Amino acid sequence: MDAAVSVRSESFDLGVEMAALTAGRSDVGAVASFVGLVRQLGEGQPLLSMTLEHYPGMTEAALAEIVVEAGARWPLLAVRVIHRHGTLAPGDPIVLVLVAAAHRGEAFAACEFIMDYLKTRAPFWKKEATAAGGRWVDARDSDDSAAARWS
Amino acid sequence: MDAAVSVRSESFDLGVEMAALTAGRSDVGAVASFVGLVRQLGEGQPLLSMTLEHYPGMTEAALAEIVVEAGARWPLLAVRVIHRHGTLAPGDPIVLVLVAAAHRGEAFAACEFIMDYLKTRAPFWKKEATAAGGRWVDARDSDDSAAARWS
Amino acid sequence: MVKILYFAGLREAVGTAREDITLEAGVADIAALRRQLAARGEPWAALTRGRSLRAALNQQMVGDAAALKDGDEVAFFPPVTGG
Amino acid sequence: MVKILYFAGLREAVGTAREDITLEAGVADIAALRRQLAARGEPWAALTRGRSLRAALNQQMVGDAAALKDGDEVAFFPPVTGG
């Protein structure tokens, strides 16, 4: 399995990453992907920005471990994970997960698995800024239950 | 829900479609996508090309119906489906499904649902060409069971 | 008059993508239309053999009980293999 | 000497991202380290309150029973909210 993870402040382009993942190979029948974006708040003050803090070193190791675990569960051909840190605006992409496999079932399952595990195991924290000030985002119980269904 | 389906011979770029789907909006928190590609055959003669025949008119209607059904099951913000026809080479993309939603659970589920239904309900047929000649691809029982789990 | 379309391997077998036919007396549903065509012998006989060849009526997948009327578009084809 | 890192809201509360401390006699696991730090009062007292603040030892998530030794890197932080 060709696997790469990166944590960086720069954005990414899904088409470019997709092309790089499948370049020169014809054994890939399915690529499932996920992009998470900064979403405007549903209520209260509008979101001005979102800042992502992380734990350098541990973050990369945690992401790599999640990918290895996915590769042990499904026959994957290539995986790419990019997670941004720093200050982002509403609409900006935060995270990308791309999974290439021979068939769609395993590509979908592994992509969702990686996102679910990333949400509960990768050391990132989000802080929302509105005109009223900054507020750390609370962890969601639904993320714990999403991750738990794979064990 | 902003929905568009198209059936065409030209290729597509995942990054361009993703950008168009989310342009100017900040209510999207999750975009799940799937790209199916022409895969080299695992055994026997190498695949030279794959030709996709379809039923013009019915194809577009079937895809639109599948998307409407997904929108009735999950709270989706935008969906884009592109399916190619004509003659493709190994490594070429065949189908694209992009689903934008507020949260990842519904984006993943709807994307997989659309692919599973498309595989059993959209009138496309694949013919593989090798040095030994042409051969129509048989429908797979696993596609029927993948679609059945949603009913 | 009913318009009949054939796709994929079936289209190649019958040698045409389209024909217009007149329904025989008493042919009022897809099952009866399959029998009318199958009476020509091979390769149309495949339309009543097993359950593999599917039908669409006016661009909607249908079962054999679907009722026919003049002016309908009927398509016959193998199981789909898109995506 | 053990390196302690704080992240996110906890980092802001304690006012530092990092400190080096000497383990007191008998402090041999994460649970004991939490108690040593909590003894300073607020805001460190949060380390023994409830179960919300997580710990990592040498960049691996661990439970309170994980054993400590000199030279370790320990991080404390709220539940993660990435992705």
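For clarity, chains are labelled A, B, C and D in written order, and residue numbers in each chain start from 1.
The criterion applied here is as follows: a residue touches a chain if its C-beta (ideal position, glycine included) is under 8 Å from a C-beta of that chain, and two chains touch if they have at least 3 such contacts.
Keep in mind that what you see is a predicted model, and the values were worked out from it rather than measured.
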For chain B and chain D, chains touching each: A
Chain A and chain D: spacing of chain centres that average the CA atoms, whole Å: 26
Distance from chain B to chain A - Cα centre to Cα centre, in angstrom: 23
Rounded Å distance, chain A centre to chain C centre (Cα mean): 48
Residues of chain A whose C-beta touches two or more other chains: 36, 104, 115
Residue list for chain D, restricted to those that touch at least two other chains: 83
Which pairs of chains touch, using the document's own definition: A-B, A-D, B-C
For the chain B and chain C complex, residues of the former touching the latter: 36, 52-55, 57-58, 61-62, 83, 94-95, 115, 118-127, 136-140
Contact set on chain A toward chain B in their complex: 13-16, 18, 22, 25-40, 47, 90-91, 102, 104-105, 107-108, 111-112, 115, 142, 146
Chain D - residues contacting chain A, complex: 5, 7-9, 11, 56, 59-61, 75, 77-83
